[in-house]
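The data blocks that follow each hold one structure.
Paired with subunit B in one complex and with subunit C in the other, subunit A is shared by the two complexes that follow.
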Partner chain A sequence: MTTTLITSTEPSRPGRQGGARRPDARPNVALRDALSIAGVWLLLSVPTTIVRPDFLSTQTLLAITFTMSISGVLAVAQALVVISGGLLDLSLPVALVLSAWAAVAALTSGLPTWAAVILGILAGAAWGSLNGLIVVFGKLNPIIVTLATGFGGLAVMLIFFKSAQIPSTSDLRLFGLGRFLGLPNVFWPMVALIVLTGLALTYTRWGRHLVAVGGNPRAARARGISLRRTRFFVFLGAGAIAGAAGVLFSAVNPSFTPASGAGFQLIVIAAVILAGISLSGGKGNLLVLLLSVGFLATIPASIAFFGLAPAWALVFQGALLILAVGIDGYRLKRSAR
Partner chain B sequence: MKPFHHAKRAAIGIASFAAAGVLLAGCSTVGAAAPAESDDDTFTVGFAVGGQPDADWQELQGDVAAGLAEQRGWDFVELSNDNSEATATKNADVFIQKGVDVVMMFNGQPSANPVIAKKYAEADIPVITFDIAQEGWYFVGVDNAAAGTDGGTKLGELADEKWDCKVDLVISAEGTSAGQINEWRTGNARDAVKSACPDIPEDAYVSYEADGNLTTSLANAPGVFAAHPDAKNILVVGINDQAVVGALQAATQLGRDGSIMGWGQDGGLITGDNVDPNLVGSVMYFLEGYPAFAYQIADEIAAGNAPEVKDTGDDAAVSVTPCPVTKDEAAAIPSIDDRVAQLADAPEGTTEYDLFCTT
Partner chain C sequence: MTAATLLDERTPTRRRRALDALKGPVGSIGFMLVATIIVGLVWVGPAFLAPSNIQIVGVSVAVPLIVAIMASFALLAGVVDLSIGSMVGFGAVIFNQLVAAGMDPWIVAGITIVVGVVVGLTNALVIVKFGAEPLAVTLGMLTVLRGLSQVIVVNAPPSTLIDPLYNVTQGAVAGIPVLLLIGIGVTLVAAGIVSKTRVGRNVQAVGGDARAAARAGISVTRVRVVALVVSAVGAAIGGILYVGQLGSASNVLGTGLEFQIYAALMIGGYSITRGGVGNPIGGLLGLLVVAGITNILNIQFFDPDYLDLIVAVILLAAVLVDRFRGGDVFE
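Now for the complex of A and B:
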């Protein structure tokens, strides 16, 4: 079950001998996915550059890296759930806003920045734990559970706050407005998370268990891996990562409401599926995910450079999700042959 | 024994469903000051608040309406539509059963409105609707066309004053799903900027999808700034304050906030401690004060002189006058709770526009 950062993790199929795999299969799949995304990205970027040569500028780079920051972190959380065979976590937007709210509440009550950051991440982890407990011990469909907890969480937040505003002079807010190496500060934690989570998936026992449970639960159980424990910690970890996204979200959004995370749902699911992270679980590569998030963040910029009507953004987003699901279905059929 | 168990289970099941039904029915009401069925001569207002959870002003509309009914010595029944088509439909049955003389409502889920309208028409009860038009109902709503023009005019005047109308880019943060309202607010604002500064070239006007919220606006606006790298003096108009502030924040992220001014709509983010430094003004609607306008119609109905039904945004029964305010002027306007309290103490016929719009 060894994988690398640019190696798609494809566990054994039932027909194969206990976890054995073709040695060259995974790198090829990862490379193919990466090349596919890069190709589509080029298809978008080249015509835009031909029409508007100033597309290739530091302003565009700033715009794209800023746009992909929060959705990139959320996509990592979603990817973990999907790879582990947990289908999808539809409550991530709620985890995001809950964590942002916790961080802002901490800052507003005078706690130091580090405490606010930790509280935000812990709020996300607690939310993930709640989902994990219900899914694992209730043996319920994760999509239904997270859909329900998402509605419930939103309702609870609406009871307790209408809108939240980060103190404008707080260190966290100043971090959200700053830059490092010419790119937005909030971009770098996203890159770090993708790299670290990718390494964790590859080189830690937790990561290998996660992939194994998602790819072939029966085989994983036969190898002594606890499905319950692994799936619970996946939801907990995904929640904590969504918590980190929430902290970053609070740093760049001066004001937000309980429903502010809704806009991320579609883009995050599309990013995960476009990256070749199959909804059937056990397969995924986080560097391809980075490419996928970057491609999706380029779309609004491209639309602006083409000067298209605003409604085209909605058309593109919907079409992309259909395309992504179609590609996933095609891949599943092909791998079943 | 077996049949007994079945019967017992069935009884418990029926009781549970009945209890749940009662509980659900109870949840849908907000302070139903339920009088007896209106068989006396006292004029009765049925008021359904929208019940959207993140909108304080909807609940406050109920408070304002209750105060105005009390001022007139009328009976008042308040329900909440709970932002649900089913509840709004059920509320219509309740109002009809209580025999109210007029219904006022905000229904944020208007797909059930044709069905509800049929019920009220059969019961011969006039309906006053806020902001969402329905054939046969008196329409009370903000004059969105005027709101767009007012905001654009003020922003254009500021551009003239500060930059001598040397504007490189006019960004419109749209909410296309709002349809005609979006066009009135953003399109008219652009036209008004054009009138104030006619020399701004046509290609300096650009639009993007902000979906009426800060998060989407902040995600999509950076591309707009990147696509206009040479623009220095920048104006932003939008469907609401959130959309405009999203663009202003994106400008800050890209280091393009040196010379930018935004004018919002709805006044949502123009007050408080964290007003964006580049949001120079907004157009306030005083949504919580709409009942004061609706009572102008109710007064005539109560007097037996029901006015002609005007049921569209273009030809409203009562058009709520928008109030454009600069950031400094907005700071002097009381909080929403204080506004409601002051309106309750004001003489009959007073609106929040009369009380708080000094521009």
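Now for the complex of A and C:
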């Protein structure tokens, strides 16, 4: 440990130093991450195209961008939690389904579309603030808190509803079916959110505080940033963004069950970690995140073209997550030396 | 806050000591167990403690107990293995499918255990060698194994009946289920290893403070690798035993089992956020609490979803209590 006094007094989180010591190296790191994701993306697409030349088609592009839309929005929520040093929010799938249910319930009871959208996002924010309150006031590890709230929240939803259907003639549903510039409508809010959040992280005071807290909480506190308030609002914000994902989810899925969100868990965490957003917090580039979301959305399409069972997608995504956290851990270990 | 604690330390009243005892691991396990039994007696009536009902609880707790005790070594060594639930399911699926395909059950059991070893070694490689976050790695493994189970079992799984296994899982000696006896035996052996042997002390040392353990000449790598392998093998054995109990293995078997097991272990005095604390006997009592709650809900015809909700609340409460006892503080 060849670092300063401040960081070496925190033995439980080694590797924190990596981000704090070399902030100027970040653009190159982002470029390297982007290039390596583009590389593995090619590794996946080229063999698929050789085996099945019809892989390169508008149909595939539509399928991939469709898959990207919701996992991309959720990935932004997860990325904010990870960058702020909040480790992971494992209850995002619950926030997603809760918000989707809230939006659908609002539409079914005759509320206008804008009210349903706002209610959906508010439901996500409320869920996020529950997590935030427990993490901040209990001073507990967010992974375990959200593991428990996610597990409990799913149980509560299963008690209250078995499945939900969006009214098939509602504006929200029609939006979910439509296309803009040849791509699904729901794709564009995702791209806008990633770009705006990425800019906000770099150029707003709020964003810089969030990154500072993730990079070195002690230094951030010494500069007068309230850790509690930042942590609370990060979880609230992540919940609200997951709420937006839930609204989009309700627009594209004619019906869903409380467990429908579970499939996003892994793909979202894998996307975040593959994008070089380290679990130790304080660094991350959201444009690289867009790339990794796209790469992960290509896996199920590729598997379908190879004629494999859809369950193989789980196997590949899980294996990728193991690989990604392995590489992340290895990099931290090396930079901590 | 500091002034208050100082004052309290100067005047160790009887009330204060009672509170401290309740805050300790033994106190909270005893409290939870007594509370569960009282709730059972009030709500269900005397039938809750009838021999037949105790037997039902004993049979339902036996397999999770074996899995939990083996997984507790990983917790003790300071690494969490979330993949045990999926490993139970995957082990059961492999065992069931290969036996149904006509292979010798003994050879298949060996294969299943080897698969457990491979899974444990894979977890260990990424966690110990590359220094990756155990929760994230084993979450990935959880998904891989669940995916493989779904790839292997697409439709209704075949049924198998293996006589020697059936005798173990359904038999009873003097009214006590054989499986429960095995579970208690495993618990006692594990408790002996943890509290009486050098191996146990080494595991506790590694979990308590890895750097201090390394300075004391203990191989942190080896302890953690072995602990993760033991955890995965325990889950594989649990899968085999489930096939004996259920006569088949679906592709969702073991889903969420890890939550119940870790909630039970946390009640029993283990910690997810730090290693080095906990004892297998406490784990057994913790599992009895969860099994007791399950039993009460079953008798009262409650939706099993309520159990998940209660387990989640217990898990959160247990982590909070653990922090008051000196667990990691997250800020």
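Note that in this section the second predicted complex is superposed on the first by the 310 of 337 C-alpha atoms of A that agree within 3 Å, B and C clash if a C-alpha of one lies under 4 Å from a C-alpha of the other, contacts with A are read in each partner's own complex, and residues count from 1 in each chain.
Here is the rule we use: a residue touches a chain if its C-beta (ideal position, glycine included) is under 8 Å from a C-beta of that chain, and two chains touch if they have at least 3 such contacts.
All figures in this text were calculated on a predicted structure; none of them were measured in a lab.
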item: Side-by-side fit of subunit B and subunit C on subunit A, or clash; value: clash
item: Contacts of A:204 with subunit B and subunit C, given as first, second, both or neither; value: neither
item: Touching partner for A:158 - first (subunit B), second (subunit C), both, neither; value: both
item: A:226 touches, of subunit B and subunit C: first, second, both or neither?; value: neither
item: Touched partner set for A:28, first subunit B, second subunit C, both or neither; value: neither
item: First, second, both or neither for A:322, with subunit B first and subunit C second; value: second
item: Partner chain(s) touched by A:59 [first = subunit B, second = subunit C, both, neither]; value: first
item: Subunit B versus subunit C as contact partner of A:252, first or second or both or neither; value: first
item: Touched partner set for A:314, first subunit B, second subunit C, both or neither; value: both
item: Offending stretch of subunit C which, after superposing on A, collides with subunit B (from 95-103, 149-157, 203-211 or 221-229); value: 149-157
item: Residues of subunit A that lie at the interface with subunit B and also at the interface with subunit C; value: 155, 158-159, 309, 311, 313-314
item: Complex interface listing, subunit A residues touching subunit B; value: 52, 54-55, 57, 59-60, 62-64, 66-67, 71, 155, 158-159, 162-163, 165-168, 177, 184, 252-261, 263-264, 300-305, 307, 309-311, 313-314
item: Touch list for subunit A against partner subunit C, complex; value: 11-12, 14-15, 87-88, 90, 134-135, 138-145, 147-149, 151-156, 158-159, 217, 227-228, 266, 269-270, 273, 279, 309, 311-322, 325-330, 332-333
item: Subunit A partner contacts - residues on subunit B that touch it in the complex; value: 53-54, 56, 174, 176, 206-211, 213-216, 218-220, 222-227, 229, 242, 245, 249-250, 252-255, 269, 272-274, 276
item: Contact set on subunit C toward subunit A in their complex; value: 122, 126-127, 130-133, 135-137, 139-148, 150-151, 154, 211, 256, 259, 272-273, 303, 305-309, 311-313, 315-316, 319-320, 323, 328-331
